[in-house]
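Notes to accompany the following structure.
As written, the chain order gives the labels A, B, C, D and E, with residue 1 at the start of each chain.
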């Protein structure tokens, strides 16, 4: 078990390293001169001499690997560079935006869990009954509806027409419900289906038959046997949906003018603020890798077959 | 989050929406001063009022003593937000601070000396500088208490003299202001202002509708219809100082041909664009007709496809292969129309409209949205550039001429160059007297129009929408100011 | 035939509305009797014994017939009544008992759960009862078995645990579906011996399905031969083995390789 | 009746790595020789390494240590063209007939495959040959156009045999090729194999866990235990001749349909343990194990014409 | 319990609808009442009318025609990209699965790295760095998406590789290529096709999402996400700019999602 974790951790490190390399390479090959970008973003049109000087200062004339090395060292030191558009250290910008996006993502996750679990389980238990068809249709709608469209429609209905929620994010609860719902609805559709499938698969396995043959109540079978067994798959899918969720924040934040990482990244893209862009990608992949790693570890610990591997009686 | 009732003792909060915020509120940096000015936090010695006339603010009066020297009398009894008195010395320090910090070339003053005696501030320039007053009205020169600059928090809560004081500044969320109890001019009615950053235009309209804000500016033209005629809202709209124009890329050899440029101009139905696409006033020259230096005569080369065809035939660009597109040196003419994506849809829409109209005169057009100016500036890729500029933020023609059209100037994206026009710019540098300067402004405009190097499309419109419980908010033509001491809430 | 434990009358079963998989089966089993069912693969042996306990795999449906257990028609039972029969009066042991246990729950937990589903006793008592039964199945270290997960036991051990679980409720009838075919010959012999022991000490009746005719011949009182969903021959084992009536049975018996010198 | 040695294994060892990276020893120092026309059987409990041995011989997995000779030539770990050449002569029949067939391949394409791959004939000839072969194993030639799932297990196994025979190989390895089938069908298949063997004189390595079956068809029986050959019997009455306690335990556990009163005795069940390094592997379960058995490793000893055994008692 | 026959009939119906949708997109010009690029200044932001069945946009273009032509772009790009990635991914997956050792490890590590990014975010970042546009969107999504098929193909190849029929094939003298084409491919293709079918809707949403953000297809090419992004400003004043393109995406995605489900039910029956 220990060996497993150290191996896994090593893998995580390699992957993060690779991710950083990829990110840097992408910026490196992308068109546009960062030095110039820095001036242009302030609507200053620099002269060639000034540019050359700045390039030299920024180390842009160094060979690729040297640049990458420096960048990586700075990154490890926590220096993520300087954001042109925000005219400040990237780390400071991230510090401001991260909590907002996390707030949004957490509320969306809450919705996701609160809705998809009961729906998925119900749908599986009542397979091919009316209620199953209804839930499946709803989830089909969920996965087919474009989030950006849905968001706008919700905005119109609930903000303009009903005045239930607010458009600005400062208002705590009233501000976060709509964006979080927009973010969650497609995921709820997806996840409900996946939970249903996972549970159905478990229901068809032998041990369920075994439990029935032993005369155990159906509700007990579902909650004591099927759910714990399908949890592994469900948790893994959950980790995957976090990736989708993080991606969704960009669109949702744009629609709802949510001052988080999503709007920040769109702004960074428009202004070619590469340091910010790099930091964002690194940060997101770090979060994502850590979540996957945690989930996988939880799964490993949950599953006695893995946990007690080799301990035969 | 509705407004508090106006009963005595309760605070009156004005909820406002803004479409743009700078990273901080240090007025001397870039255009950051606009945010400080907009919500009544900072004041200058002199300012432009809603109708673009100079008004004395911190300076009670000013007087030009000779070509190089101007004397300002600082009003008695003005205090900074922190209670420090405002005298000539404080103003001197503030102006010097601005000169030191600002990185904007267009607001630099050629200062010889600034002297302060009591309430008397004397500014001596090192050369003849007719636009001194105009520049001093720029938010860069908002008078701040330079002695209070602790290098840290000052950028977010600058100490100025306005009717409101910034108490909280979050670049991506909004800002909060409170009433300045010691405001020099009058007692301020509103206690606090809560400004929310809502960058999306339609979202601002929705925020007004949902009651989250009482005041918003720069709404979508179409969305204004939602408020006009509705008793709950007051809408003020009208042209502002921004002008949208097309610059032909003079680097291209064929663009050097005046007749070709004229043909291109004849092919643009800007009257319709202005009316139908933008609900705006069609532009003739660079300056709005309401400005004293605005061109008021007939437009040159207004839409006439037949003339365009005739001219194109004349310069020899004809369609020989019958595909409906004229050729130049045997190749179909497909002009490249470029905009910057941050100009938004309006810019691209012009291209879309031109595309179908140019087709009728046998010209192809492709539209590309660029992210960066740099990609346009140095490339031969583009033929026509959509651009937008605030024409006279300081109520003077010189600024626009110098930045956008003078030979070699930094924002001259079409690489336009005309000796006659450059001469007008030079003359403006040394000419005093509003009348004279206005004439030069008109002269320059006419040169530009006649030469067809730049096609002025329309003047953008500004709009201000307030809930009917708010009074005393005016629409400033300059768009620099929104709220001042006159604001009141019922 | 009133003293029979189980009587099946003209039972017909289908899967997914296609042809009848077993057709018109009539059989009965007495108290303390062992019946061995042999026959070609796919002849419906599993279908037959699963329909007794109403646990047909998906799509399976009893079309007609009666299943009378202890004088009551099981086909009239509703869902919640089944749980009083299953695991209590009738128990099933599967071919691969291991996979019929929840892989992530300890044996003890599952054992106690099934005991408590049928008898109203405390957890402590249930554990005690479970351990006692395991000891009867020749597990000398019963508490360790209780504390382990299925994957930690070998195939033979799981099979014996399965039998122990069935046994704990002292059922009247045990249904064993090829419960030894997956085991190696030595373990298989051991398990078979234990089943016989079970009948002798608890008076339990057993229906055992097997491919191994030798095995059926060894333990059963009566043998039933099935082919294509029908009973070909059903009689006392001596009769069927030594004096088969049907060609199919004769062919079957002839095909069994035998060791010399037995 | 016996010809020259066709296939010889010398000191074959195989290690596998489990997913934690530990390696374990599955085949231990196996020596085996096969002469022309001979049929040998390998018996043993599940998991003792019979299939692994078969796969080693058929070169589906590489040998870790030891060497293999075919007609005197070293054929350990062949590749490419040589391997192809080897497969012309050595063929294997797998346990589960259905899994031998790619589900989406018609019987016809399955049948003609080797003849085309080995460039023995063209497609048309191959098809005709395939039909002929199907008839030799008692199947209709219409089966050519069917998919595997439309045939019964017995029929499929016949198809496999037909294809294998058609190549006229020297060696056929049957890895439990009947254990997935019914006894009656098993009988037919065995019958067919024996008949074909007497016609074409291939040698046969017959892997099974059914001692009775092994006895009835083979000339020589190798008994395997945890990857080791513990006994070699050249007998038609193994109940009498077997010496090794493990073989005896196996024999004891066999049910008989004829003799239903046979006394079934049982020894302790198997424990999968690859860690035993010293002594006799069977000692833990052996009813007659002495102190010595835990220390000293027995080696295969020639006892008499009918029996060689690796046991400290002999 | 529904029978296979019933399933097949409904599948054929949905498939026909899907094919019809594609056909509709291909022959859009026949149905389109107007030129999708032609502007009509007199009739800007006009409500649906006879001449403009779904109204006009902010420069007076026919929304109906733009939706029809947009279908070409949306569906075309979706299929182009998916087919491309499908082939690429499957080839890589088979190579990884068949090769062992270093090649497999390299390919799998590369895909680990790609997978360590949340997909959409990575795509956005790539487009952000390379600059918006159709080609860059395709590149970005390719970088993200190939792993999906490669991993699936690899796992499937691994299971086939250990099957007895592969061994039988080897012993029948089949070479590497023959093994792949005769044994591996036919047996792994159906789960892959299922995955492909299930991905169509998702890909379409992703593409239009990127266009909505202004990163994908650029003006004035009609594309649904693009149209929504333009129409956003007129949510209140001219909702038809928003409603119809959104509805178009929704309906088409729903059709393909349903189709995907059905393909799965038929090719992978144990999943029902």
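We take it that a residue touches a chain if its C-beta (ideal position, glycine included) is under 8 Å from a C-beta of that chain, and two chains touch if they have at least 3 such contacts.
Keep in mind that what you see is a predicted model, and the values were worked out from it rather than measured.
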Neighbouring chains shared between chain A and chain B, ordered by label: E
Smallest count of steps, each to a touching chain, taking chain B to chain C: 2
Centroid-based (C-alpha) most distant chain relative to chain C: B
Cα-centroid distance, chain C relative to chain D, in whole angstrom: 33
Rounded Å distance between chain A and chain D, as computed from the means of their C-alpha atoms: 54
Inter-chain centre distance, chain A versus chain E - centres from mean C-alpha coordinates, in Å: 21
Of all residues in chain E, the ones touching two or more other chains: 1, 131-132, 232, 235-236
Contacts with 2+ other chains: residues of chain B: 200, 206, 341, 371
Interface hub residues of chain D, defined as touching at least two other chains: 272
Chain B - residues contacting chain E, complex: 200-202, 205-206, 220, 222-223, 225-226, 269, 272-273, 276-277, 341, 345, 348-349, 351-353, 355-356, 367-369, 371
Residues of chain E that touch chain D when the two form their complex: 163-165, 167-175, 178, 182-183, 186-187
Parts of chain D lying in touch with chain C, wherever the complex brings them together: 45-47, 153, 181-184, 186-187, 209-213, 215-216, 236-240, 249-260, 262, 264-267, 269-272
Contacting residues of chain A [partner chain E, same complex]: 11, 14-16, 18-19, 22-23, 26-27, 30-32, 128, 140-141, 143-149, 152-153, 155-156, 160, 186, 197, 200-201, 204, 242-244, 246-248, 250-251, 254, 265-266, 268-269, 274, 277, 280-281, 284-285, 288-289, 292
Complex contacts: residues of chain C adjacent to chain D: 40-41, 154, 156-157, 184-190, 192-193, 211-215, 217-218, 237, 241, 251-262
